Each structure stands twice: as structure tokens, then as C-alpha cells.
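Questions regarding the structure given below will be posed in turn.
Order of writing sets the chain letters: A, B, C and D. Residues in each chain are counted from 1.
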Amino acid sequence: MIFQLAVQGAQMLVVLLLAPLLIGFVRKVKARLLRRQGPPLIQPYRDLVRLMRKEVVLADNASWLFRVTPYLIFAATWVAAALVPTFATGLEFSWAADLIVIVALLGSARFFQALAGMDVGTSFGGIGASREVMIASLAEPAMLLIVFSLALVAGATQLSTVAAFMGSPQVGLRVSLGMSLIALVMVAIAENARIPVDNPATHLELTMVHEAMILEYSGRHLAMIELATFLKLLLYMSLISCVFLPWGLDDASAGPKALAIGAVAYLGKLTVLAILLAVFETAVAKMRVFRVPDFLGAALMLALLGTLLLFVSRSL
Amino acid sequence: MNSTVALLLCGPAALLATAVLAAAVSRHSFATRLVYGAAFVISAVLVVIVAGHLAGNSGEASATLPLGLPWTGARFRLDGLSAFFLLVVNLGGAIASLYGLGYGRHESAPHRVMPFYPAFLAGMNLVVLANDAFSFLLSWEFMSLASWALVMAHHRDEANRRAGYIYLVMASFGTMALLLAFGLLAGPAGTYAFDAMRTAHPGPLAAGAVLVLMLLGAGSKAGLVPLHAWLPLAHPAAPSHVSALMSGIMTKVAIYGFIRVVFDLLGEPAWWSGIAVLLIGGVTAVLGILHALMEKDLKRLLAYSTIENIGVIFTSLGLALAFKANAMPSAAALAFTAALFHVLNHSFFKSLLFFGAGAVLTSTGERDMEKLGSLIHRLPVTSFVFLVGCVSISALPPFNGFASEWLVFQAILRSPELPQWGLKVIVPAVGGMLALAAALAAACFVKAFGITFLGRARSAAVERAHEVDRWSLAAMAVLAAFCLLAGILPGFVIDALSPVTISLIGDRMPVQMAQPWLSIVPIAESRSSYNGLLVFAFIAVSASLAAFFIHRFASHALRRGIAWGCGFADAAPAAQYTAVSFAQPIRRVFGGFAFRARETVDMPAPGSLEPARLKVDMHDVAWEIFYQPITGAIDFATERLNHLQFLTIRRYLTLVFLYLVILLLVLALWP
Amino acid sequence: MSGFSFDAVAAILFIPAGAAAILAALPNYRMTAAVNVVASLLTLLAALSLFVTDRPAPGQYLLVDDLNIVFIVLNTFVGFTTSVFSASYIAHELETGRLTAPNLRFYHAMYQIMMFGMNLAFVSNNIGLMWVAVELATLTTVLMVGIYRTHEALEAAWKYFILGSVGIALALFGTILVYMAAQPVVGEGTNAMVWSVLIEKAAHFDPALLSVAFIFLLLGYGTKVGLAPLHAWLPDAHAEGPTPISAVLSGLLLNVALYAVLRFKLLLAASPQAIGPGPLMVTMGLTSLIFAAFMLYRRRDIKRLFAYSSIEHMGIIVFAFGMGGPLANFAGLLHMVMHSLTKSAIFFAVGHIAQVKGTQKISEIRGLTESHPGLGWALVIGVVAIAGLPPLGIFMSEFLVVSSTFARHPWLAIPLVFGLLIAFGALLLRLTGLAFGEPRGGTAPVEASYVPMYSHLALVFAAGIYLPAPLVAWFQHVAGILG
Amino acid sequence: MNGLTFDIAHLLAGSLVLISFMMLYQDRLFALINVFALHAVMLALSVAWQAYIQDAHHLYITAAIALVFKAIVIPVGLHRIIQRLGIHRDIETAVGIGPTMLAGIGLVTLSVVLMLRVTPEADPLAREDLAFALSIILLGLLVMVTRRNAVSQVVGFMSLENGLVLAATGAKGMPLVVEISVAFSILIAFIVIGVFLFRIRERFDSVDIGALDDYRGERR
């Protein structure tokens, strides 16, 4: 029991500590791909600390909501990230929330972020918020359809069960799973405001979505939000890895040795995914905002197709 | 004559007495307190009685009064289902009366509201209690009539008159459909008692007809697309506490009617009956919320979102039908519980939101979001509870909306076990529609809250705004608390619903209160589980921890400054995003097929000073497809027939003569 | 005891006749109005006494049986309330000078003669006598419709007169045919025209002759019932005559004609080989219902509007009787009673409204519930009732008709429901305009007695909630007779 | 009864139908009125004959009424009123004479067919009588609907009513015949007076019902 709790706590800390590193790594790889030196790996940590130390500059008519939101976003994202199996399944509190809840948690984070964007009453916040909800209104159904097809395959929405099932030999190669994977990747890109949907590095207000929403944030608030975005990327990567690359994952009660294997495997998966992401981002260009619906619509269609094809592949 | 039922019947009687009293004294100053106070007390008492009955799980009780249809009598019955809906009705009624205690004082025409308000409550109570077709329809139509009178309260406004007209016509259309359905169930002998209908099972054709008629009848009252046209007109037209009742409670009474007939009286459903309900529900959900997104009138937005939630409820009812037809009682119980749970939740947060809208209306006199904004500073409490309502209705954890929608999704995930291919394929598709609706709902309420309460004031009306009275705030606070409680302790509700599911489905969801840590487990823990309480605790704890550490160890300095406006200091409030512009991306994406929306931009020549204009024209497709042709046809027919008013006497004689000759011919050719 | 109860029947006839004679002589209009009310009240009491006393044995000319007794009571009751209403109404007409004292003398005398004619039609046990009585009632109403002597009134009366006369002729021919069908069986002489005799022997009558007879009777009396396409006289007569007469026309005269049709339907039902009257009546009923429903939309005159709604409801009633069967007949009878009460109440309200607003144009009357709450809400309740909404009586009958029809012949219920909805839409549309919105038109205070209309509405409301057992038993019995 | 009486009754009734046909192709008012007078006379004859063969003496009164009132008073009255009001003497027809005649023939066939369905054991005289009466009634209606001006319509109505009287007298031992015929005569008097003097005159220049009908309930 104590061990279980310890593992759970470890997981929460791991995600919290690993998230900035992951971002740093991605940036580093991208810089290298562009033949630049790039910032050191620990730069994100430095940024966070510096931001936390700075004072907050708050717009005159910002309300209490504006000040509470960063912590809410952070908390929701952190809890969600902590509930996704990383190096071990079946954690102490894993049953507190299944995959649908995790998606919904991210949804509530987005909800408050959009509200905060509108709170100050500048047009940038409005742009960001309205575009964000538009993207979400397509990404969320796609995500849920992916959840459906996973659940229909594994017979559960409980991530540990899904991971265990996907690890087992009875899965076999399914076309619908492939589709779900592609869809999931597309959704992940959109959700994390990565190229080609959005550009985390841009500072031209009119082209950005996520950055426009948080334009008014500064200091510790900004730090919280940044950390939340880091956590989100980590969350999606560990989600992909635990569902589609479930190797080395084992139940938390399996003992330290298994956990160590799981941890190593997990780091390996993250590295691979991060490199892939960096390569992809350097390879493609950002698309216009109103091309995004087509992009996500494709994801939606893929996910739905995957769900429907399941029955076919079942019947075969 | 059972005592509980007798007691429950005293409630409507007392309410009707209050109505009569109100008609007498409505012009006095003390009338408001008297009427709403009485309504509150009566409803509260009813809540207590019904809650006791539900908790005691004391089965069925019935009573017959020597009223109504002579040889049937007015029959009333209290079973699990009616008890649950009585709870919904009277809880809503009590809180609305509480709100009315304060809100009623701002009423401009109290003598047109107070007599009908208790009558409306009484009507809804009677519908749920009725146990024979005549009493049911009588109460049903009485309910419509009373609410119509309330919609017509501010009758000097042309729009309200139109709303009331369309409302009552649609209502009586629905009643006619129900009448036909009951006619089929009663048979030529005219056995109108529900008990008799229950035993006599109609043939498959008749059953199908009854289902369709119920979808028309109950659906038109609940607001299923395309029968929803009246709803967004009528609900906002009434005073806000009545809008809350109509949207939050009356639509539920309609759902009660549907359940009562389709699940109870009709016997075993056919497997395809599920498909119809599922599809209609899904379409209703998506179209309803899309309409809501396009609205800029706060109360109409809420009315449209009611349509969406009705769609969700009907979808899960359709699932329940499908499962029930395929003898999967546990799955059916899951879907049915989800539906009832969502009924309860929607009654909570929709009432809350309409109360909030009412508060905004009384303090600013505006319903148009484009003229609001920044109310979070002027109405702190109202804005907070309204936010709670928005979060709940957007199905975000850990609030109640999410709990019920999560159950719906769990039910959808049981669909692979269905034998029929049609269902196998349709159910996930409908699930996708629900997911879309949920995401859009979140977007919609970001807009609703963001435009109304956040940002900078868009009109002078806001500057004068001040927080509303205590009664209203109390009512809203209570509802907000309910939203949170039902969200973090869904197990209680689910277990409380088990008698209903047992009586109608024959099975129940596994006992939830036995689960560790009060989490809910629809099927098995390995399969799926959710613990609202824990999630809530985690978020609260980690958020406050983070805040605490940062403020303690990092920095808590804070400086106010003007917002960043690309170097232009403090642009005018008009430069903010408006409700319409907020919805523009989504309109670009979905408007094409949902509203046949078309944007036309006329850009002035470079150098010319007149502004560029963006014109958007959108069509209410349902209205154009279903209603305009009907009105057109009636217009045509009346125009043609009207000539018959202007004939000469000789022509009239000719008519008589021809008629005579024709009849004689018929007779001559008679075998 | 039978001696006394015969007196009751005699009283029903002689009180109006005598009153008419007196009224023709009296000069003072207040007195005439009073006498009119008193006479009507006495007649009502006499009619009510029929319930307590035992009935006379059917004679050659007079008869009191289950079928007509409640018709009589309803007739005398509405006659009484209408006389009360007309007292206040006519007073106002006299002030405004639309009528003169001599007119009034004539008017009141005619009123009593009309009551006499209608009562006679109900109690007559002889088809010839009934014919005479119905025509008497018709002719008196013709004269009263024309009483204003205005262009429109005269033309309305003329139209009524011509079409009515043709109806008279057709009905008479039908009556003759019935006699000829009966004569070989019953034998020559008066007996061959006596109900109680005919109904016993009807099985042996010549079916072909009976069928032809029924067609003529249906058209002849149907003209009075106002069934489309024989309805042409009805709207104008209602619109142009004095409102009390409109009330009596809609509330009573239509019933008289309907009663005649029902009598002959019984006769036909008793003779199996003859054509079934059902299909004919169902067709005519549906036609009238749907036609009138559509006609409601374009009406500009408030009284003509409600005249068309009378046509619509007569259609429903005839449809119900055409359907037959215990439920439908019960509904038909109930609907007939409810319609008489409601429609006369509506006309009472409309009469006062037209007086205070000084116009009958719908477009010039607005916001009555604001300007004249008493009248306005009475109109609202009345129209709600006539539109078949609960908790008022007509809802019960429509409930029974529609549901039982749909269970038996679904394809007949569809047009029925269609017509009902169309009519509902029209009535509600007009009501919304009349009763709500910014008040328009005169705001003069009402000097009217609300008693008649609200008493009617109260009765209708009570019937919608609760029907007393004896009434139900009686209805069911008659429904049984009607088969 | 013996054949002769039957034949005479048959002959009289048949000639009534014939005269109704004659009415159909009159195009002058005076001629029409004269023909109607003839119709009335013929009616009086056949009623009298019926009275004789049924030896029902009250029918003689009916015959007398028919003779005096319809054959003399009314036609004379019509003549004079037409002259006084200066109505132009032609009959405007809504339907041409030819089609009207065809329709008339159709109607007669119809009534005969209908009445012959009556079971043969019924009194043959009654059957014939009814067939003729029905055709007279229908023809009278036909006149009313195909003629435009009031006089001819009134005439049509009166011939219709003659048919009724014929039927009534043909029905053996029918009570109230006299009363009915009296009542009808009064009715007709009403119509005639109503048209020409009492109301219409003081309102309109012409008695053409068309003018009457320019008011159609509601102005458009």
C-alpha cells in the first residue's frame, strides 16, 4: 500500500520534472536540425524559475478569474498527466479517472484558459479564445472517437487495462488501430499548439492562437501556464507511448526491477517521439488558421473510420 | 385511496387555490411574497414527501377520484418513475419560487404572472401523477395553457405574442399526436386507464405508430429537432423564473411522458425503435448547440442549449431502448440511469443559468450580450454561480454535467454487444455526434460567460448594474451547490435511481455506494471508473499547493497596468470580440451545412474612407423546410376557399342543387 | 300525476305563445324586456319540472322522451340567459338609436314566437308538426336578422330567406317521402307521421324510399344545421342580426335542425337495407369542419368569425354521430351541449365588445384584456374552450371523438385532427389579436351583466372536470338509442 | 283502382312535367309567367282529380288555393309589378337554353330511375306520382339556378313548390296537406312582397339579384 502510494507520488513528480526537459530536448533537436547551436537542455527550467521570481503585471480590468486561472490550468493538467501510465500501469489512483476523464480534464483547462483570454477585453484574447474553441470543437470529438475505438478493442476505457491489452499478443495488427494512431498524433499536434496548427515560437499576434490567449499573462502566472503546456506535451507523448508502444510497461505491484525496466523504456520512447516531433516540425510549414478545420476534420474522419472498421475487422 | 397519493394530490390542489387567491390579490403589494412564498412552501413539502417515498422505496400507490372521464375516473399513481420526476418538478418549483420571491418584485405586470405561476406548477405535478389518458392529457394541456399565459405576460411586445401563438399551436399539435397515440393504446373499447393499457400489448404496427406519435407529441414539447421551432421563442419570452421552469422542468415532464408510454405502457420495444430515437437525439443535440452558438441573446442561447441537452437525453433513452429490445438489461439500466441522471442535472444547471440571465436582465435591463460585458466586477456572486452553471453544462469534471455524460459514453461503449449491424454502426456515430455537441457546448458557454461577464463594458447599462437581491442569490447558490454535489457524489444519485430502472428495465446498475473512495463503476473497475470527489480534491489540493509555494517562496508582487494593445493604448471597448465575432470561426466550419450561412464582404476601394462591411446571412433550415411550406399551403388554401364567401345567391343555390343531384346519383347507382 | 306533467309540456308551449301575444301589445320597452325575461324563466322552470314529474304517454302530436328532454332543457336555459343578456344589450341599442321602440316590441314578440317554435319542434311527436315548427322558428329568425334594416342586414336576411326556403321545400319533400314509405305499413292517416309509431315499424318500410327521403331531409334540415356547402346563409345571418339572435342561432336553432336529422337517422338505422346514414354524415361533417377551419383565417368581422366556428363545430358533431358507437355518440351529445353553452357565451361577450368598441371589425379591436378585463378574459376563456383546450368541456368530447375514431378508422381521424388543428390556429391567431397587445378602439366602460356569459363558462368548466352521474347515465342511454 | 283513373292522374302529372320543361325554354318574362299560370292550373286539376279518386274532400281546398292564388293572383301581381318597376322583359340566362334542356332531361331520368327502385309492391300510382313530383322539383331548382333575374327565380321556386303539393296530394291520406299548402302560399307571398315592395324596393333600383349580391357578406 505504502509502496503503491510512493509509486504514485513518484509518477507525479516524474512528470512534473520531466516535462521541461522534454521541451528543452525538442527545442535542442530542432535547433540542431536547423544547424543552430540552440539553448541548453535545462533552459526551460531557468525560464520557469526566472518567471516565478518576476512580479506580475496585471491589466487594469483583470478579474479574480484571470488570477485564479493559471493555477487551475496547471492543476488540471498535472492531475491529468499524473493519471496516465508512464513507467508503470495500475497506479494507486489510476482508477480515479479513465481516458475520457483525462480528456475532459484537459478540456476544463482549455475552458478556463479561453475565459482568461477574454477577461482582459483586448481583441487578441478574443482571437485566441475563439480560435482555440474552434480547434477544440473538432479535436475533442476526434479524441473521443479514438477513445471509442481503443475501448472497443480493449473493452475498457481504463488506461491500465488498455495498455495491458495492447501489450498482449491478442491484439494483432489492425488497420483501425493504425488510423487511430494517426488521428491521435494529429490531435496531439493540434492540442499542443505545435506546427503546423500553431507556432509556439511565434510572436506575431495575428497568427497565433495559444499565445494570443495568454498574451496578457506575466510572471508567475505565465510560469504556471508554460509549465502546464509542457505537461500537456508530455501527457500526450506518454499517452501515445503507453497505448501504442506498451512495451516494458508492467503493473506497479510488480516490484522495483520491473519498474526500473519500465522507466528506462519510458525514457527511450519519449526520446524517440521527441525526435520525431522535432523532425516533423522542421519539415512542415504552419498552415492558415482556416485550414486547421480541414486538418482536424481529417483526424475526425480517420477516427470515425477506425471505429467503424473495427466491426469489419471484428467480423473477419 | 392511498394516503401518500392523497397527500401528493393536496399539493396541486393547494397550488390551484393559491392561483385563485393570486388572481384576487395580485394587484396588492404583499401579493408577491404571499404567492411565491406559498408556492415555495407547497413545493418544498411535496419534495420532502416524495423524497421520503423514494428513500423508503415503498413501491407503488394509486388513487382514483370521481372526476374527469366518467367511466374511467381521474386515476393517479405514484411509482418510482413518477416519484423521481415529481422530485425534479417540485425541487425546481421550490427553487424557482424562492427566486421569484425576489425577482417577482421587479415584475412589470404581476397580475399577469402570479395567477398562472402556481397553476403551471400544479399542472406539471398532475401530469406526472396522472394514471389514465384523459387526466394525463388534461393536465398536459393545462400545463401548456398556463405556460402560454405566462409567455403572454408581456403581451404588448409583438415578438412575445408571436412566440405565444407559435407555442400554443405547436403544443396542441403535440397534444393531438398524444391523443392519437392514446387512442391506439386504448383501442376501440376506449379503456383509457394506464393499468389496462399496460396489460394490452398492441401489435407491431400499432406499436411503431405509437412510438412515432410519441416522438411527435412528447418531442414537440421537449424540443426535438425539427419540432423545436417554438422553444427558443417561447422560453425566453416568459419572465426568467418561468423560463427556468419551462426550460429546466417542463421539458423534463415531456420526457416523462415519453418514458411513461414508450418504456412502460408499450411493453417490449422493437430493436429498430432505438435507431429512430438515437438518430433524432444526436441530430437534435448537434443542431441545438450550433444554434445556441450563433445566438447573441442570452436567454435564447440558453433555450437552444436546452434543445441540445434534450438531444443528449433522448440519445441515451434510445440506447436504453436498443439494449432493452435485445435483452441486455444491465446495459439498458446503465443507459436509462444516464438519461435520468442527466434529466436531474439539466434541471439544476439550466434553472441556475436562467436565474443568472434573469439577474443580468433585472440589473442591466439587457438580454443582448453585445451590450453587456465586465459584469464580473459588478455582479460578483451572480457571475460566480453563473460560471459554475457554465462549467457544469459544458460537461467538465468534476461537476455534474460531466458525470451524466460520462455515463452516456459508458453506455455507448456497450454497443459492440448489440446483435444488429445497424445499431452496431449507428451507435458509435451518434457517440461522435454527442462528443461534438459536448465540445461545442463548451465553446458556447465560453462565449456566453466570456462575452456577458468578462472583458470591458459594452454599454452604459452595465455601468449602472448592481448585485441582485438575496432571495435570487440564495436560489442560485443552492443550485450551484447541487451542481457540485451531484458531480462529486454521483454514486448517491445512481443508487437512488435504481428503483426506477428496476421497475421499467428490470435491472439496475451495480451498487455504487459500496465502491471504495465513493467512485462510480458502471460495469467493472477494470473496465472504467470515475471518482469525481478524488479528482476535485486533487485539483483543489494541487492548485492551492502550487499557489501557496509560489507566493511563499517565489514572489507575490503585483502591479496593475494597461492592457497590451499592440502599442495603441486602451482601444475602445467596441474593439473587443463580440458574441458574433467569437462564433465566426465555428460558423465558418459548421455554418455551411447547418444554416446555409453565406458571408459577403464589400471592401471599399483603396483610399476611400467608408468602412468595409461584412454581411452574413443565415437560414433556419428546419423552419424553411418544415414550417414555411405549411404556412404557405394554408395561405394558399384560405385564399382559394375565401372566394366561396363572395358568391351570389344563385351560385349558392347552384351548390345546393349540385350537391343534391350528386347525392341522388350516388343513391341511383347504389347497388 | 300524468295530468300535471302534461301541463308541463303544455306550459313549455303556451308560456312563450302567450308571452308573444302580450309583448306584441305592450308599448314600453323596459316592460317588454322584463316580461321577456320572466316568460323565458317560467318556460325554463316548466322544462325543469319535466325531470321530476313522470312523462306523458306519447300522443299523436306531442312526445317527451329521453332524446328530446335535455334538448328542451338546454333550449329553455339558453333561451333564458339570452333573454337576460338581450335586456342589457337592447337597452344599449335603443340609446344608440339603432333600434326604435316599435322595433323592440316586434323583436320581443318574435323572440317568444321563436322560442315557441323551437320548443314545439322538440316536443312534437309528428314529423309534419316538427317540420312546421322548424320552419316557424326559421322564419321568425329571418325577420329578426333583418331588423336593423341596414343594407347588409337586409341582404343577409334575404340570403337566409331564399336558401332557407329551398331547405324548407327539400325537407318537406323528405317528410312526404317518409310518410309514403310508412303509409303501406302503418296505414293511412296521422299515425303514419307519428314518431313513436314509425320507429317501431321502421324495419318494414321500403328501404329505397327511406334512403331518398333521408337524402332530402339531410339536405333540407342540413341547410339549417349549416353544413357546408349548404352553410351560405349562416355567417351573414350571424354577423348582421342583433347579437342575441346570433347567440340563439348558434346555440339553439342549429341544435333544433340537428335534432331533426338525428330523429330521421334513428329511423334509418332501424331499417337495415336502407343506405347507412353514417358515411353521408361523416363526409358532410368532415367537409364542414375542414372548410370552415380554412374560412376562419380570412375573416374580418368578429361575429362572422364565430359563425364559421359554429359551422366547424356542427361538422364535428355530425361527424361524431356519423361515426356512431357508444363513445362517439356520447361525445357528439356532449359536444352539442358544450358548444351551445360556449358559443352563446362567446356571442354575449362579442355583443358587449362590439358595443363598447363601436365596431365589429377584428382589425380595430386590440388588447381587450387591458382595456376591458372582464370582457377580454371572458372572450379568452370562451375561445380557449371553443378551441377544445382543457380544462373545459369541449376538450372531453374532442378527446373521445378523436381517440375512438383513430382506434376504429385511423384514416378518418387524420383529416379530423387536421381540421381541428387548422381551426385552432385560426382561432388562436384572432384571439391573440383581439385580447392582447396595445389596446385599440373605444375604452368606454361596459354596462353589461356578466352573469349570463360567466354562468355559461362556469358550467362548461365544471363539465370539463366533472360530469354528474345522472347526466352521464342519460347521455349513455341516448348514445345507446342512437346506435 | 281501375286503369282509367290511373291514366288520367298519370296524364295530368305528366303534363305538369311537360309544362316545367316549357318553363325551361322561355326567354321572355311574361311568357314565363303565363306558362307558370298554366302550370298552376294543371296542378289544380290533378289535385282535384286526386281529391276525387281518394274522395278526400279537403284536397279540393288545396286545389282551389292553387287555382285562385297561383294561377290568378300571383301571375297578375307579377305582371303589374313588372310594369311598375319597369324591369326589362328578357330573361338573362346563366346557362344556355340548350344545355338547360339537356340537364332537365337528365334530371327527369334520374328521378324516374330513383323512384323505380322503389319496391314494385308499393302503390303504382304513388310511384309514378313521386317520380313526376321529384322531376318537377328538380326542374324547378334548375330554373332557379339557371335564371339570373329574381322574377324567374321566384317562378322557379313556385313550380318547385307545385311539385311538392303534387307529391303531398299523391300520398294517400296524408294529413296536414291543406295546412302545408296554405303555409307555402304564405311563404311565396312573403317572397314576392319581399322582393318587389317591402324591402328591396326601398333599397335598390332593380330587383336583379345580381345587384343584391354586390354585397357579399364581407367587402373584399
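Convention: a contact is a pair of C-beta atoms (placed from the backbone, for glycine too) under 8 Å apart; a residue touches a chain by one contact, two chains touch by 3 or more.
Everything numeric here is computed off the predicted structure, so don't read it as measured data.
Of all chains in the assembly, those touching subunit B and also subunit D are C. For the pairs B-C and A-B, the count of C-beta pairs in contact is higher at A-B.
The chain with its C-alpha centre at the largest distance from the centre of subunit B is D. Put simply, the C-alpha centre of subunit A and that of subunit C have 78 angstrom between them. Taking each chain's centre as the average of its CA atoms, subunit A and subunit D sit 100 Å apart. For the pair subunit B and subunit C, the distance between mean C-alpha positions equals 44 Å. Subunit A and subunit B, compared by their mean Cα positions, are separated by 35 Å.
Of all residues in subunit A, none touches two or more other chains. Residue numbers of subunit D whose C-beta contacts span two or more other chains: 114, 117, 141, 144, 153, 212-213, 217-218.
In subunit C, 158, 162, 166, 212, 235 are the positions where the chain touches two or more neighbouring chains simultaneously.
Working note: touching chain pairs come out as A-B, B-C, B-D, C-D.
Contact residues of subunit D toward subunit B in the complex are 94, 107, 110-111, 113-114, 117, 138, 141-142, 144-145, 148, 153, 209-210, 212-213, 216-218, 220.
Here subunit B touches subunit D in the complex through residues 645-650, 653-654, 657, 660-661, 664-665, 667-668, going by the rule given at the top.
Interface residues of subunit A, counted against subunit B in their complex, comprise 52-61, 63-65, 71-72, 74-76, 78-79, 82, 93, 95-98, 100-101, 104-105, 107-108, 110-111, 114-115, 118-127, 129-131, 133-134, 136-141, 144-145, 148, 151-152, 155-158, 161, 205, 215-216, 219-220, 223-224, 289-290, 293, 300, 303-304, 307-308, 310-311, 314.
The residues of subunit C lying in touch with subunit D in their complex are 128-129, 132, 135, 139, 146, 149, 151-152, 154-158, 161-162, 165-166, 168-169, 172-173, 176-177, 179-180, 183-184, 188-190, 192-193, 206, 208-209, 212, 235-236, 239, 299-301, 304.
Remark: subunit B residues 373-374, 376-377, 387, 391, 394-397, 402, 406, 409-410, 412-413, 416, 421, 424-425, 428-429, 431-432, 435-436, 438-440, 442-443, 446-447, 449-451, 454-456, 517, 519, 525-531, 534-535, 538-540, 542-544, 546-547, 550, 554-555, 557-566, 571, 573, 575-577, 581-586, 588-589 touch subunit A in the complex.
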